[in-house]
Amino acid sequence: MTTVTTGDKSIYTRRESEARSYCRAFDTVFTKASGSILTDAEGNDYIDFLAGCSSLNYGHNDPDMKAALIEHISRDGVTHGLDMHTDAKSAFLRAYENTILRPRRMDHKVMMTGPTGTNAVEAAIKLARKITGRRNVIAFTNAFHGMTLGALALTGNSGKRDGAGGTSLNDVTHLPFDGAMGEGVDTLEHIEWMLSNPSSGVDAPAAFIVEPVQGEGGLNAASKEWMQGIARIAKEQGALLIIDDIQAGCGRTGTYFSTEDFGIDPDMITQAKSFSGMGLPFAALLIKPELDVWKPAEHNGTFRGNNHAFVTARVALEKFWKDKSFEKDVQRKSELLGARLKSIADHIPGATLKGRGMMQGIDVGSGDLAGDICATCFENGLIIETSGAHDEVVKVLCPLTISDELLEKGLDILAGAVAKHTNNTQIAAE
Amino acid sequence: MTTVTTGDKSIYTRRESEARSYCRAFDTVFTKASGSILTDAEGNDYIDFLAGCSSLNYGHNDPDMKAALIEHISRDGVTHGLDMHTDAKSAFLRAYENTILRPRRMDHKVMMTGPTGTNAVEAAIKLARKITGRRNVIAFTNAFHGMTLGALALTGNSGKRDGAGGTSLNDVTHLPFDGAMGEGVDTLEHIEWMLSNPSSGVDAPAAFIVEPVQGEGGLNAASKEWMQGIARIAKEQGALLIIDDIQAGCGRTGTYFSTEDFGIDPDMITQAKSFSGMGLPFAALLIKPELDVWKPAEHNGTFRGNNHAFVTARVALEKFWKDKSFEKDVQRKSELLGARLKSIADHIPGATLKGRGMMQGIDVGSGDLAGDICATCFENGLIIETSGAHDEVVKVLCPLTISDELLEKGLDILAGAVAKHTNNTQIAAE
Amino acid sequence: MTTVTTGDKSIYTRRESEARSYCRAFDTVFTKASGSILTDAEGNDYIDFLAGCSSLNYGHNDPDMKAALIEHISRDGVTHGLDMHTDAKSAFLRAYENTILRPRRMDHKVMMTGPTGTNAVEAAIKLARKITGRRNVIAFTNAFHGMTLGALALTGNSGKRDGAGGTSLNDVTHLPFDGAMGEGVDTLEHIEWMLSNPSSGVDAPAAFIVEPVQGEGGLNAASKEWMQGIARIAKEQGALLIIDDIQAGCGRTGTYFSTEDFGIDPDMITQAKSFSGMGLPFAALLIKPELDVWKPAEHNGTFRGNNHAFVTARVALEKFWKDKSFEKDVQRKSELLGARLKSIADHIPGATLKGRGMMQGIDVGSGDLAGDICATCFENGLIIETSGAHDEVVKVLCPLTISDELLEKGLDILAGAVAKHTNNTQIAAE
Amino acid sequence: MTTVTTGDKSIYTRRESEARSYCRAFDTVFTKASGSILTDAEGNDYIDFLAGCSSLNYGHNDPDMKAALIEHISRDGVTHGLDMHTDAKSAFLRAYENTILRPRRMDHKVMMTGPTGTNAVEAAIKLARKITGRRNVIAFTNAFHGMTLGALALTGNSGKRDGAGGTSLNDVTHLPFDGAMGEGVDTLEHIEWMLSNPSSGVDAPAAFIVEPVQGEGGLNAASKEWMQGIARIAKEQGALLIIDDIQAGCGRTGTYFSTEDFGIDPDMITQAKSFSGMGLPFAALLIKPELDVWKPAEHNGTFRGNNHAFVTARVALEKFWKDKSFEKDVQRKSELLGARLKSIADHIPGATLKGRGMMQGIDVGSGDLAGDICATCFENGLIIETSGAHDEVVKVLCPLTISDELLEKGLDILAGAVAKHTNNTQIAAE
């Protein structure tokens, strides 16, 4: 065995599958992370505008979560308990009831699925099919719901779908998302027509599953009116409404759930990513109580009870969601972010602002340009990624807890990279 | 908000989905766990013969893993890093290469899938279909591979399958496992005949996926000869051999991989459950290098890089797998366990011994009897569960690190429960 | 055994399945048929505006076909020869080559499928999937392609689809037909967008299958521009273009193939219904020669060689398609039909004219009204049916050989029925 | 246009799809057919031991059927009437009731499906799924049920299945047919075990579909005991029993239905091939009245009412099935056939007799040998084909009406061909 330095990356080419991805764009070895900063083995700091794809809404290694977790581990608190009752689980559920469900007058029950988003999505569509006796699920263009077969069938991206290797991705109808077909086209009309025509070939749906803001799909934000329309059509069709809030939830858009100001009443909501607060694997499905017709263990999983996540998730709820102050701060920063992005976008011919809340970005018109911008950002100490069907959107997903100073600094780096690749010196100067 | 005691369970009926399961059989609130003992809010200790369904092969809260994890958290080590390089990940991969892969002359690459077993299984079958251009996968009767749609299609249990709510569980052929059809029937012959007959209606398979010991299916252990037969047929058919070692791996059968003494060369191996060492969510797929044809992110996931799990998994490898001593101790205990179970089984009319290594149990002939035995065990301080198509097998899955004393004590409780429910006072006395 | 009269219908309720349909609307026993007239057991004559759903384009029992068929039978010509060479088959193929293929410069090959339209459709999509290695087929809203599982998946009607009893109707994407979403909406744009967006969730198609005029779907006639657009998109997508000409072909729209004036070059064309000339079961699939990659018997069937149909089909070709006179006469009648229908439609509030050629009708706005009109027509000696998603279209499908006198007489009956049910005495008077 | 002779075959290579098959083995142009003799353009006579794959049980061009059909055509009887009542249809149904259903105390209803076997099969499985609410259908190894997607999923042959071009052949489980796995193996036990094990992965079936004698699959004849076992298991499972009697019915095995001496009570029976008597396309599904829950037109089709077939089918019923004499003659000939085939088989090392009734043949051990034998037969004036998974069975399917003289003559030719290819001069001499 040879001596290796911390920064040695040969093990990855030698032993990690070609499926690895982010490490290719951000090709260094990270050793520390705190708040909005990641540090690599050479001691370089990077501002994190990716935040674990929205899994680190409260930043890296929040000190209160760390402390609670260390205390839990130190005292031999249960780490793995399948889905047995534990004090950590009880405390989490009580905190979730008190800070999230009751204040929003939600009577949903919490299903502990496996700790990944795709598992929560699979549970949701299984339950919807079981309840309605229908197979078809309406998903939307540019949707991303996961990589396991049921969730992959809901996902739009052809590159991901090809990974199924030729097996059928069945029982899903993809219809156009809000705004997908351009300014003039009201996609609600299209959806309603397809579902109300008994000869359209679209079978009566068990459910609609919607990301209120499509993160992977290009930061497409559905309007309140469109979401209300979908809720109405679902009800008319006898279908359930599933909100996939895995990326847009946990405060990302300025409220805990991304649709809580929309006046709709989802039958199910999926949660994952930032749900544990600290980036630990954790997911759940919220279900209206009358729909909770699961038989015991009908959908199960070994890691439904990640007690470490219960601990940190409880701290997150108590620290950030006891009152409105965090939400207000996120909303304030969202405006700041939007304004800065708009001024940057104004210097790119044809560019448009995308997204909502702290989930905004710029459609720069081409995947090549977006990729170049992100690469330059990384060289200059900013971790930021693209999204969209053609990777054409530069996406800001920084921690919601980021300081104004770091947010501005990160946006300066972004502006500089845009200036470089658009030969526009004016932007950086602003 | 009312004051609640630690042991209050009302939150579960009020807010957790009916899908919850283990907490129904073990209806108390656990607050501490160490080694092979779980402790509840009233201070009662329970010997753990379930071990998180084989997720806690090294016991609860191993002190070295705890220490390393606390150190990592304290120094702001990366918690969530998507699939970026981190020092914790590098160290884990190097340890895995040095303690597991190289000594076994395995050139497999490691694919970090989502941190659940079902995700590793989904990745395996996607890849097998992609490589072979075939859709059909051979799975076995009584198999359990997970709850997401692709894995569920591979799973035999009708109760679980019904959860799909009527959507097709496609592109899988279930064939009889070793011994499934009773003593006289060589299922290999059946399998071979079905696959070699070009008019059998069984399409050419992309892969065979096998649990060498079926944990959920009733502790059915495939023989070396049968596994070799499956490996041979797979090769003849141009199909890949996928070993699902999620429950039987990580030392459970006495070796790190459950088939490493079988003289077969699996194309892919799934790992999860005890893979992190400490019960944290963590899974991976081992892939022969020539089969690693994934495109970057073609199968991805938010929690592919659970750095806490990297830390504890590395400690587990270094502590238990640097030499043969742990394996030998497990093999010694396996014999002890087998002998005691046999003597208990001998007092139950028609009962048979099932399983292999530290994954053994007794088929007591009926689910009712098995359930009664487990319930009595719990009353007497032992956590133990059933498995099998009719829940007819009482299954011992204690930590591999259990002391002989606790193992004997647990088996005494089991013997007593058997005696009670078979009205046989002799057993307990032995 | 009791004595029965010719007109006794008790055998049907006693012994025929409830699946029977047309006999419910036209509840008499027919005993004779000639040209455009059906005669029942009581001697009542009915003008036939249904013509076997376009299977009798040349009318009932054409004397030349009759004579040739009787001659063939009398001389022990082969009746059933599987797909072996027979003189009747040779003569048919030569006539088809000379009258249809060569004059239109078509190099297609003829695949004798089973003698039903659905079988030709199934063959077409199997071949398209085999050639392209893709599974997805684009079909259209309100499409009707048959009742066997592959064709049913292409069919839009939910009542028909429900007959599948819950099995998946896979690997088909239904997109909106020309004009389906109303005047203002260019469905080509929608189709193109869905297929060019790599994240739409619509997998790359093997083929587009289109009825140029949707018969069952409500006499929706695609425009030349739209069909050209579909042909262009198919080519861009690497997908094959399948024209389902089963109902609209054989002269129904004024030319032999319904798209021959459209400047498109279909990869495959399905033919059935009037293909035999005399209403005998007979179907075929035309395939561009470079696409004829079938292995012998890879798609087979017992009744691929209906020699009686070869005889009558040959007569039909020689009698009606040797020159342009028949086409011109059909086109002349089509104008006459259109004009009369328009004047009838003008008296029904909100009614619109549908269709093309001798495949026209009136959308009267409601299935109830359309049903009432057809029922009254039958009472008055006219056989005519509805179509459309809501059965809202009164559809004229009379023999193309109908005399002007009978055509006018039938339309008079229709006008009278419309007048009765719209309380509009003016129509009939015209 | 060039002058062509009757025997010119260039049109086929020029214009018929490569899917054509029988014409390759029997490469001449037939011009006449009568009884058991086909005659080609050169005036050569061939004894027909193929009989349209059992579509010509009453021989070619039966004079009574011819006469009735010519009379019908001459008097302008209805040719095509969709599924409307006609005198020809009434007369057929009454004859069927009187000669077939009532004497066998069957209360089944007759569903007129499209005129092909595959259509009747598709209707049967649709109905079974609709009734039971289950998707899975049990089909058997080596089964052949048709080429449309639903029937193809039931078919075992991989060459045929590959024609689906990669789309899933879903919701079918193939289990081993009677005797499929060799002498010692009771496949009923296997089937029963797979279906009674709730964790086998085989979903509860909607139906079992069985050919009592597998024609294409190699003349595998199920025993009475096995068929009774399947009937019992189906009942226990709440599944319907569908007998596919398309090839084995209409007297082929010595009784009208091939299982009428088996003491079972099928829920549905498919009929086609010889159903029309004269080889015209015609099929039907028999349904127990309580299962006839079709909605009108829920399964429909243009050619459900082939009135020419009604006419000839009625004559067949009245001529051959009014009393037991025809059955007795078929049974007599079956013994004769069996004895001759056995004596031929005895001279081929390893050869075995296959089949039942007038559906017998010799498994000669290899497809090459079987092919050579059939080719030599054709040279010597006998049309005969192979079947089986490896085309290893030489299959006799002559008309049931064949004279003893022609039957012996045909068997002499067969014996001579066997002698030639096994270098055994003794056979022919016998």
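Letters are used for the chains, namely A, B, C and D, taken in the order the chains are written, and counting of residues starts over at 1 for each.
Convention: a contact is a pair of C-beta atoms (placed from the backbone, for glycine too) under 8 Å apart; a residue touches a chain by one contact, two chains touch by 3 or more.
Please read these numbers as outputs of a predicted model, since none were measured by experiment.
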Item to complete: Could you tell me which chain lies farthest from chain D when each chain's centre is the average position of its Cα atoms?
Response: A
Worksheet entry | Candidate from A-C, B-C or A-B with the same interface as B-D, over half of contact pairs in common | A-C
Worksheet entry | Computed distance of Cα centres, chain D from chain A, in Å | 58
Response to the item:
Taking each chain's mean CA coordinate, chain C and chain D are separated, in whole Å, by 30
Worksheet item: How many Å are there between the centre of chain A and the centre of chain C, using C-alpha atoms for each centre?
Response: 50
Fill in: chain B: positions in contact with at least two other chains
135, 159, 166-168, 170-171
Worksheet, complete the sentence: Within the complex, chain B is touched by chain D residues 135, 139-143, 154-159, 161, 166, 168-174, 176, 180-181, 189-190, 193-194, 197-204, 217, 388-390
Discussion item. Which residues of chain C touch chain D once you look at their complex with the stated criterion?
Written reply: 1, 4, 6, 8-9, 11-12, 14-24, 26-34, 38, 41, 50, 52-53, 55-56, 60-61, 66, 69-70, 73-87, 90, 93-94, 96-98, 101, 109-112, 114-119, 122-123, 125-135, 146-151, 153, 159-160, 162-168, 170-171, 206, 272-273, 278-281, 285, 287, 292-303, 306, 308
Practice prompt. Would you mind writing out the residues of chain C in touch with chain B in their complex?
Written response: 166-168, 170
